[in-house]
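Each of the next two complexes has chain A plus one other chain: chain B in the first, chain C in the second.
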Partner chain A sequence: MATDNTNAGGFGEVSRVRGIAFEYLSLGASVIGLVALGVLLVYVTIDAFDLANASPEWLLTYFLTLVVPFLAFCLYSASDPEVTRRALSALGGGLVAVAALFTAIETFVAPIPRLSWQLAYLFVVAMPVTAYLTYIGSRGRAGGVGFGLVGRLVGGAAIGLAVGTLFLVFDSLVWFLAYTLGVVPAAALYAYGRRRSVNWAMTAAVPVGLVGLVAAVFLRGVIVTYPSDLIIYVWTLAIPVAIAGGLVVADRGSRLAGAATGGVPLAVAVAGGFLAGGFGVPGPTALIVLVTVGVPTAVYLHRVIDEGDGLVGLALPVLLVGGALVGALVVEAWGVPAPDPWLDASFVTEAPSRTAEDAGLYPAIVGSVIIIALVAVLSFVLGVGTSVFLEEYTPESGILGSLTRLIQVNIANLAAIPSVVYGLLGLGLFANLLGFGLGTAVTASLTLSLLILPITIISAQEAIRSVPDDLRRGSDAMGATRWQTTKNVVLPEAFPGILTGTILALGRAIGETAPLIMIGAATTVFSAPASLFSRFSAMPMQIYAWANFPQAEFRYGVVAAGVITLLIILIGMNGTAILLRNRAERGS
Partner chain B sequence: MTSSHDADSKGITRRQSLATLAGAGALAVAGCTQSTEDGGDGSDGGSDALSGSINIAGSSTVFPLMSAIAEDFAAEHDQVSVDISSTGSGGGFSNYFCVGDTDFNNASREIQPAEEELCAENDVEYVELVAATDALTVVVNPEADWIDHLTVEELAQIWESDPVQTWDEVRDEFPNEEIERFGAADTSGTYDYFIESVLEERGHTSDYQATEQDNSIAQGVTGSEYAIGYFGFAYYFQNPDQLKALGIDDGNGPVEPSLETASSGEYTPLSRPLFTYPSIESLGNDHVAEFARYFVTQTTNEDLIAGDVGYVPATEETQEEQMETLEDAIEQAQG
Partner chain C sequence: MTDSTESPDLQRRSGLRRLKEGTYGGLFAACAAVTLLTTVAIFVTLLSDAVVFFQEIPIAQFLTGTNWSPNPAGGGQAFGIIPLLIGTLVVTVTAAFIALPVGTLTAIYLSEYATPNARSILKPLLEILAGIPTVVYGYFALVYVTPALKATLFPEMSTFNALSASIMVGIMTIPMVSSISEDAMSAVPDDLRQAGYGLGATKFEVSTGIVVPASISGIASSYILAVSRAIGETMIVVVAMGAQARMPAVREAAFGIPIVNPADVLLESGMTITVAMVQIAGGDLTGGSIPYDSMFALGLTLFVVTLVMNVISDIIAQRYREEY
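== the complex of A and B ==
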């Protein structure tokens, strides 16, 4: 009886109210944050592309020629009647709902600035539906092929541009010598040793390469005549990439196809490189972009055609480019008033200016890309090195163990130090004491690397710690040394986690302004940095300066265009890292 | 990548790579080479032999003017890279210029004794060039229809180190509301000039929102009907509808700030010269000297200085004097 009562009372009093309240509270918390960010991004996009001045006809034209065919493609790829029904009802119902709600708010509450119901429909309904259908479509065969192809085209172009940017500051002549004297002989020796199982050749590869690199640095000052830049890039970048692509295809069976997948893009790229000058495009950049786009695309095309499945997907790039062209033609032919976007080609290729129409971000983009590339390398090497040492090599008990724990606590604290303090450290240590110069790219990269180092260390440590001990013990039991265990077991397992941490940290580094101000980075420069020791400006610095210009066009249009550019580069960077991580996860 | 592998296993790749190499070789022989022998200092830059970098820091008031001039200069001389930082006049002198890190320092007031000493300690010699004239503008909220001018004495009462707290203490007909002040930070030359011309030994209040950025001051003043702020003329010139500029009465009746009243000298005591200070050592380099000359010639360019930026251009006379001063300094630097 007594037990019965307790039981009944105990269960009877469990109320669902608290649970439900908690659920909706957390929903509310996430909605507030996301909606605020969403509204901000929508307005920044509207300002950057001058969408407030886009006529409804203009929006409708591109919606019909670009968005609708794309959605149809995704639906075709998904070929699921249920998805089609849902998508169409969302698009249709959304249209009515948004138009009604928008008009109601405008009539009864207050006019909504710089937003029409058509734009609201695009952002609130069309964009989420497109994102959803892109996801669903990419899981279909045709969609997978189509997005794979578009991804290679866009990604290849992005990588090509990034590599081209890096060569603006790195001496291509040193690279030419280092490649010819160091990388080629070392690779040849290694390949020879591996093929013929000659151990000494494989062992000799590293020292030979190092000697070559050192020789290159010395010879740079001695040799005075070099091949032109274009030939250097053909020899050091285009040919190896083409050979690598060719080998990948050749491994699948066909040597002829291998030669073609390597050779055709190479020939196109070389021709493009020599002809590009005539169109006002720098030859080396054209060459690099054509190679990084052409070779992966050719390899991918070979695979898709070989498998013979989902070939329709290959039409996706044609569909997109065709849609954009048709849209442009219609707009031109019917004289539809088009918006005049702040973020256009000249914005990313030209220098800053006193007039908002001519203002560009090019020098700052180059500055940011170079800094972030260096920061990525430095913080990855330092961060992974530190975390491997702390996790794998330091003792867990005794005086040294306590010392390690003390260091751990301090690293965690370092992550919370304001970035201005790192700026002061950079100013004192790198700029003044070590003499890397005030506001140079080297000083900035070192400072930002230190800034994000605690985050990279901590996340890499977490990743290494999450590798199950069983794996280590198993490796030990096989007689592996600690170095072999770390190299073959721990690091490959932890790699995806390490990359995630580094991605987050790099995202913080690219947006930092305060430490750059402290180390004396310039607010405005008019030409891209020519070396690592020249003064530079970074995107957040220039955007901050524009935000304080007296002219309203700067504070709204140009700043928004800068923000969107920064976001696109950030997304590109993160996308690359996420692809690498997914590949590593699949590999393990 | 693995050339031996290719050569052994694939006839076509080998033939092809040989052909490519031969082609590259032929092109190289045919003149696709570059030489580093005499190109190191940018003498291959075409008609223009100037090259090098110019570092500029200093006043945020002079920043738009300097960047406009540097933009045109950089467009004409693509081997010269110009970088400009907006640090405030004082910040620029003490952190960069007087320790020898920058070639020019912009200032919205004359160099001060403490900075002169610092420069002397580090053997940094400089010359003073007048860039343009600015009309320091006192602004209030456009809704504030109860006020249209202040006397210099009233202005001083509002901003002195022990300031009045409400508007009716300034003038009886003003409302009994608290004064909200938005002004320049103490690293700014605008702050120094405001003290020098209005407050003198009465000191500047610390009870105000201090910032380097005109935009923040404008935002603050727009936000409240009882706010007051001051900054350079350019911001008001570009956004005349956003704020209301007050006339200033220096004993001869209220005068509104404008390009005309500033250049005619009526707008006293708040019209002020803007300066840039090139370091004499830097003027020893041809590209810096050429930039300084270009700067002085542009100070009379009305389209640029009045139209694009919003300051008062220099007169021909001033320009000639400035050019003489500059040429003397260049001669001293280059021997």
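== the complex of A and C ==
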């Protein structure tokens, strides 16, 4: 802008019109795609939750009992009069502006389908303000504590459910033997070696563990009596998680506190697991979820109470649950007409159906979780291995250097191959030639792992490259070998970056549909897959199948609910990745 | 590193340790080899079945045939790729009309006009456009965009049509254009901009007259990458464009020159190469039939086209890059 306004001193007038017009044109271009996507997302949300049929009273009730207390909490946490003033004026001014503008458009231009001014206010003003205040509030002490607690509750439940889902296809008895014979002795040897500085014990840990795993596979058929599932899960999952949580706390504070943080959630979870059957909830699932929610929450609570700052934030979950309950009570008591959302509890727990009312996504969700778990392991191992090889093990010049460059160029080209071609690779190689079967979870996982491998490798390389060279040289100077430097210095330092890149790549894999069609994945299955080699469906496959249904209830209701479920899972994964990255950036 | 008795042992003679080092190095090399093997495997898989296909259907017939019907009800299969190429071309060109200008303007705004704050918000938001699953875009096109267009601009539009699919493909590829172009524009040294201001140029003249020409190689390579992405896009067109392989209706126009009305193509359903593959995959997948092999021939076509475009984009970015 330096020369725009200098018309003094004899220089000629410079027309600013063209420049300003161009600036606003380019600004418009950069937001037009986002605005289009935003409008589409608003409509799909309205359809999924049946908000078009929500009465204004219903919206107002929940706005007052749920949104207003949450905003008040954020403002309290931010405790900045300037923010409060701006937020209130945005909410108030937005109300007037949206109502006026909406009415004007409806009267003078054309009626806007399936949208009322209350909904428009909700999406255009209330949601952005809430998002902004959540961001501001989370930087305050109370808000940080509150969101940290809610994050652990929700994240723990999600991880617990995902782990429970994996045991639908993985044989829990093999896992029991492998854990008892392999993992426990290896961990014990390693801990002993570390504590007493006995080198041979640490070296022996890995072979002992491997022998135990192999023995487990062979003994699976030999041994006939096993403990019940619930006891297996207590022994193999709940106890180690509780011990890990206890150790974290014992490391920081007293042993007593450590025992309490590990022991109390463990006791609650075991009790919950045994009692859950009475409420019609599968015991093992209840046990796993209670442990994955309880232990991190207990560790977090101990830390927050220890620091003694922002304790008010601990009330946030109570505030949210209480607000929802009060809202439901008011709606019930006054008979406020409520919408009938397509996306509800039964949608995610039931099988697909020919009628829209009963249709559910459960088998597809299970299929997606299993595939993604396998893809995560495969692409993480391959991605880290390749990027370590390219960044740490190969020179930049010479014959080996040109091999490195060849691999690098090849990775860039792999990233640009259309996903449907990867599907053909899976069909021709994995499904038909190697005989993993059409549309099985194994075929799908292998195909998708190769598909996202370039993305994983490129992001892992960036993470490894950003490790300062001083650290490597320091390690070399102390006589470490290349592997020791990689293991002790480079990988720990680059780990958050690698994890972030992997999660983002997994987000890509979970939405891929074309390769799944090519390998013959089922569009609709009516029960969750029972093994890795049974036919399965995945969330995007089910959405694709439903989108072809001609009935309006499917097109506008069921599919919308499926889309929102998929997007929520995606947002959760990407949000976790971004949080990890931010935390790592703050830490270093 | 003399090996005399006084000097410390710097050679690490311990066999176990050297074995360990070698094992890990070998494991990492094996991981890297997987990426090369993937390329080879894709090529071999596509080629082996495509060769079988071309033994049944001559290549010339495949490349010049104007009828695509792999599984007709009454017999008489035909495997001509021309209608599929036309469908792919229509989607790609229409999407490019949206993605290229919008993406370039976005890149100019991000690199020249936006404040650091606005850039740090806009860039991750734009990446969201590329992160939405494509089947969701296809659903949006079918269920929201088509009815909206039908109600306002094109009442005669059919339910499955090329236009709304292309719009969605265009929106999806905006971030590809904008992020690569923006990188190229940000790499233009500030000296050039300052020199422009020194000559009395306005910000508009600096942006369009200096920055864009200086980064033209990066912009061009981003265009090619975006177009290659649009060619390979599958789910949006599968869901929203329908599956009718057809040649566009040729109308007799004035002066005897045959003319194709764009509306005939855009507002009707059509079929791209990717849709044809998905359609066959909906049937028998155990192998051995001509339609099965034809998928691989189509895949090979797609693979070669996108690979060539990537190589061209690489060459442009390398050769015409301005060195500063």
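Structural remarks
Simple rule for what comes next: the second predicted complex is superposed on the first by the 510 of 588 C-alpha atoms of A that agree within 3 Å, B and C clash if a C-alpha of one lies under 4 Å from a C-alpha of the other, contacts with A are read in each partner's own complex, and residues count from 1 in each chain.
In this text, a residue touches a chain if its C-beta (ideal position, glycine included) is under 8 Å from a C-beta of that chain, and two chains touch if they have at least 3 such contacts.
None of the values given here were measured: they were computed from a predicted structure.
Superimposing the complexes on chain A yields a three-chain arrangement in which chain B and chain C clash.
By the touch criterion defined above, A:F526 lies against chain B but remains apart from chain C after alignment on the C-alpha atoms of chain A. By the touch criterion stated above, A:T456 is placed in contact with neither chain B nor chain C. After overlaying the two complexes on the shared chain, residue contacts for A:L40 are found with chain C alone; chain B is out of touch. Contact comparison for chain A: of chain B and chain C, C touches the greater number of residues. In the superposition on chain A, A:L247 contacts chain B only, with no contact to chain C. Contact with chain B, but none with chain C, is seen for A:R255 once the two complexes are overlaid on the shared chain. Of the two partner chains, chain B and chain C are each touched by A:R555. Of the two partner chains, chain B and chain C are each touched by A:A547. By the document's definition of touching, of the two partners only chain C reaches A:F22; chain B does not. Of the two partner chains placed by the overlay, only chain B lies in contact with A:Y226; chain C stays clear of it.
Overlay on chain A, chain B versus chain C, candidates 21-29, 147-155, 165-173 or 219-227: the clashing stretch is 219-227.
Touching of chain A by both chain B and chain C, each in its own complex, is seen for residues 438, 520, 547-548, 555.
Residues of chain A that touch chain C in their complex: 1-4, 11, 14, 16, 18-19, 22-23, 25-27, 29-34, 36-37, 40, 43-44, 381-382, 384-386, 388-390, 392-393, 406-407, 409-414, 416-425, 427-429, 431-433, 438, 450, 453-454, 457, 481-483, 486, 507-508, 510-514, 517-520, 540, 543-544, 547-548, 555-556, 559, 563, 566-567, 570, 574.
By the touch rule above, chain A contacts chain B in their complex via residues 173, 184, 187-188, 191-192, 195, 223-231, 234-235, 239-240, 243-244, 246-247, 250, 255-256, 258-259, 262-263, 266, 351-355, 438-439, 520-527, 529-530, 534-537, 545, 547-552, 555.
Contact residues on chain B toward chain A in their complex (touch as defined above): 1-6, 8-10, 12-13, 16-17, 20, 24, 27-28, 32-37, 53, 55, 57, 60, 63-64, 67-68, 70-71, 74-75, 78, 81-86, 95-96, 101, 213-216, 234-235, 237-239, 308-310. Every residue of chain C that touches chain A in the complex is listed here, in rising order: 12, 17, 20-21, 24-25, 27-32, 34-36, 38-39, 41-42, 45-46, 48-49, 101-102, 105-106, 108-110, 113-114, 122, 125-126, 128-129, 131-136, 138-140, 142-145, 171, 174-175, 178, 197, 200-204, 207-208, 225, 228-229, 231-235, 238-239, 274, 277-278, 281-282, 285-287, 295-296, 299, 302-303, 306-307, 310-311, 314.
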